[in-house]
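Mind looking over this structure? Questions follow.
Labels for the chains are A, B, C and D, by order of writing; each one numbers its residues from 1.
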Amino acid sequence: MPYESIPQFDTRGVCVSLFRDVKNIEELRSKVGTMPFAVIDASCVCCREQLFSAVYKALIEWKYNRLRTKALHSECILSLSPTSNIGEAFRRFGIKEGTRNIICLAVVGKNETQTSELFDVVDGEEVELSDENLGSMFDLEMIKKVCWPLKVFQ
Amino acid sequence: MSKEVIEQVVTYLTPNVPIVPISQGAEAFVFTTNVHPYNASACKTAGDIPVKYIIKYRPPKKYRHPSIDKTLTKHRTLSESRILAKLSQVPGLHVPKLIACDVYNGCIWIEFIGEDLPESHGFSNLKNFLWMYKTDPYNIAVEKVLFKVGEQIGLLHWNDYCHGDLTTSNLVLHQENGDWSPYLIDFGLGSASTLVEDKGVDLYVLERAIISTHSKFADKYNEWILMGFKSVYENEGKKGQQKLKDVIKRFEEVRLRGRKRSMLG
Amino acid sequence: MKGTRQSDLAYTLYLEVPFKTAKQAETAVKVLKPDPILKPQDFHVEYSSKAHNLCVSFEGVDDRVLRVGVSSVIESIKTIIETIDEFSH
Amino acid sequence: MVNLNSVPPKNGQCYLALGLEGSANKLGVGIIKHPFLSKHENSDLSHYCEMEILSNIRDTYVTPPGEGFLPRDTARHHRNWVVRLVRRALQEANVSDPSQLDTICFTKGPGMGAPLHSVVILARTLSIMWDVPLVGVNHCVGHIEMGREITKAENPVVLYVSGGNTQVIAYSENCYRIFGETLDIAIGNCLDRFARTLKIPNEPSPGFNIEQLAKKSLNKQDLVELPYTVKGMDLSMSGILGYVDSLAKDLFNKNTKNKILFDPKTGEQLVTVEDICYSLQENLFAMLVEITERAMAHVNSNQVLIVGGVGCNVRLQEMMATMCRDRSNGQVHATDERFCIDNGVMIAQAGLLQFRMGNVVKDLSETVVTQKFRTDEVYVAWRE
């Protein structure tokens, strides 16, 4: 399982995988909220920097007990959004009808061992989470629509 | 306190983020690190030089009331982050890129700008740059840089932002193709503002900063800066001309007020 | 009393203040002389000494200006006299 | 080090100077002595003052609470008292022959015109009678030199806070440069005017009674939020004054619509006058300390000297001390009310330094007082 770390949060690790052509989107959609990880529509993410800046932001809010959503995982999705509207953030950056590629992301404790089958429920082709792969999947027009009229960090 | 503050930062960042303190300003401590806060793949070296990041930390100030301190730290960290994010979208304006921020702990990560000046003249801010040329104060290189400084401030003001603390240490020079290009840093007191008053005060503060540290050559220096400043507005047609007139008029008023304000004992 | 100087302004006053010695009168002239008049077109004063007298001639554009100017000079003269009285043995 | 002995003292052993101050509502007369410390082969003490205060007398023109002092009335007060004060100062200092004085120093400015003028008239008269040269002194420089001599702070950043001035000053190249200052009203003026709104007296120094009220605040955890207006190294206070004034008026008028002061539901009063005073002080002083720290960072100094009437405020001194301690073990120097508040000794001290560098009045036309006289206009010959 690919495992990333956010240096400053040394007791935490980030399990994250990119899946192409996921076949059971509907199943996953019905389970959103009960799964121990966040599911993000990969067409909304252009690069690793964008993804991890959101994770970092969510971790900061989490550290000071300032989460605006119920859990750290949902906070990661909210943090991707330029607005603070939670519903809108999920509609844009969560999985939806027509989503094909997804990013699964879980923030776990450093010593958690049962991470290997974390994303087993996903039926799709796992590919490397690289800027190249993300770049080939993301939808520039969509991003423009979401972010352009809005000023970053509002 | 330096030691105490460094300990605070080390605890906050954990040993995973090694830091080097580089300066202690009145408000913030500045460190460099080679570790990106969240994007491990960005830490690779560019050529032989390791990529550097700035961490700016506003420690709690014990002298002021905790509630003032909290509000100020949060407000300034947030406003600095927002301004940096917005200004980086202005074409032609040079500000370092914002990477991350933690408003609750007064911490910002920013792209590193600047380098060491030749012959141990120190870090490449405008202050040291002008000192470096003190034996050749009217060199064309100085004129070029100061003109560009004026242009940067002009761009900033034209886009209705104000810096709030324009000193010669808050202008950092970055070499691009052998030319020095000034970057505006430290927007800790910056604001979005359409007020001519704020712009006038900005210009006055910089003028005074130049006078107080480089007094002998200040007249010429301020003239070059103003030339650069005006050039930005003059490129904006009639509207630019009018706005320029208003800003300069207010600048002169602020300056006059500053001089007249000897007042009572 | 009418001033000795040919006057430009309509309202005038001439004062003679006796001192004990000529030197004291001269001192008073020296002390009073340096201060500029704020509005020379409206008010004018001239100080001189004659024997042991301090001579002051005032000119003002109207009676009010003259009154204010005269009273301020008299205040200063009072300070001078008090100082001289207190500190000359 | 500068040799201060270019002009020898009259009696060959020590310098005597009389200082006269009357730029605002305080009339001060002081006499000081500097020993004549000469250059020896193995020790050069010529740059030392070792000032000794022989007398320091002050009389304040006190107005009823809620009223400010007017120039005309203040001048009248000074005229009424100045001769008596000089007499007392001479007696206390045991100066039997005033012509033995080396110099008479007076405040040339800045300050209120009429009071300044009332004192200079006396200075000129004495100078002629006793044949003692005059020195015109900048009031602000007086505060700085007095503070430096009393505290022995070598090269501090100076925070000058009084009824008419709010400046952060640092010495460079024979000049006291102003690094930051108020863009509108002075801190003492701000506190005085708020005191007038509260109808409390302004004695003995600006803000003293506000300080006493602030101490009595029972709710020091929750501040009343006020505008915080630092602009670079400068600050602005008129907005804050307007705001606290309106709060105080709402409080007096029991305007329960003001949600900051009264609970919107029960109408219960949430904030007292003491709380407002406390918040005002915390807010204004935090601003002052912040700009001082900025100046220190700018000139790389770790010493602060607080001078001027508001400098007596213990809370301000405390906050400044905390800031200095946290800044690489810096030090704060402050003086008590004998020297913080306008006095004659400070004028004598700055004037005597000027005299010893040979800078005296050569013609009485140079003694015209001026309401406006910037600190940075003075050529500071006595420092390197």
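The rule is simple: contacts are C-beta pairs under 8 Å (C-beta built on N, C-alpha and C of every residue); 3 or more make two chains touch, one makes a residue touch a chain.
Being a predicted model, the structure only gives us computed values, none of them experimental.
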item: Minimum number of chain-to-chain touching steps separating chain A from chain D; value: 2
item: Separation of mean Cα positions, chain C and chain B [Å, integer]; value: 60
item: Between chain A and chain C, centroid-to-centroid distance (C-alpha), Å; value: 91
item: Between chain A and chain B, centroid-to-centroid distance (C-alpha), Å; value: 35
item: Pairwise touch network: line, ring, star, complete, or other; value: line
item: Every chain pair in contact, whichever chains are involved; value: A-B, B-D, C-D
item: Chain C-facing residues of chain D, complex; value: 75-76, 79, 82-83, 86-87, 98, 117-118, 121-122, 124-126, 128-130, 364-365, 367-368
item: List of chain D residues in touch with chain B within their complex; value: 23-24, 107, 109-112, 139-140, 162-165, 172-173, 177, 179, 181-183, 186, 221-223, 225, 228, 230-234, 282-283, 286, 289-290, 293-294, 296-298, 319-320, 322-323, 325-328, 342, 371-375
item: Chain B residues within the chain A interface of the complex; value: 12-17, 35-42, 81-82, 85-86, 89, 99-100, 102, 104
item: Parts of chain A lying in touch with chain B, wherever the complex brings them together; value: 4-10, 48-49, 52-53, 55-57, 60, 63-64, 66, 131, 151-154
item: List of chain C residues in touch with chain D within their complex; value: 27-28, 30-36, 75-76, 78-80, 82-84, 86-88
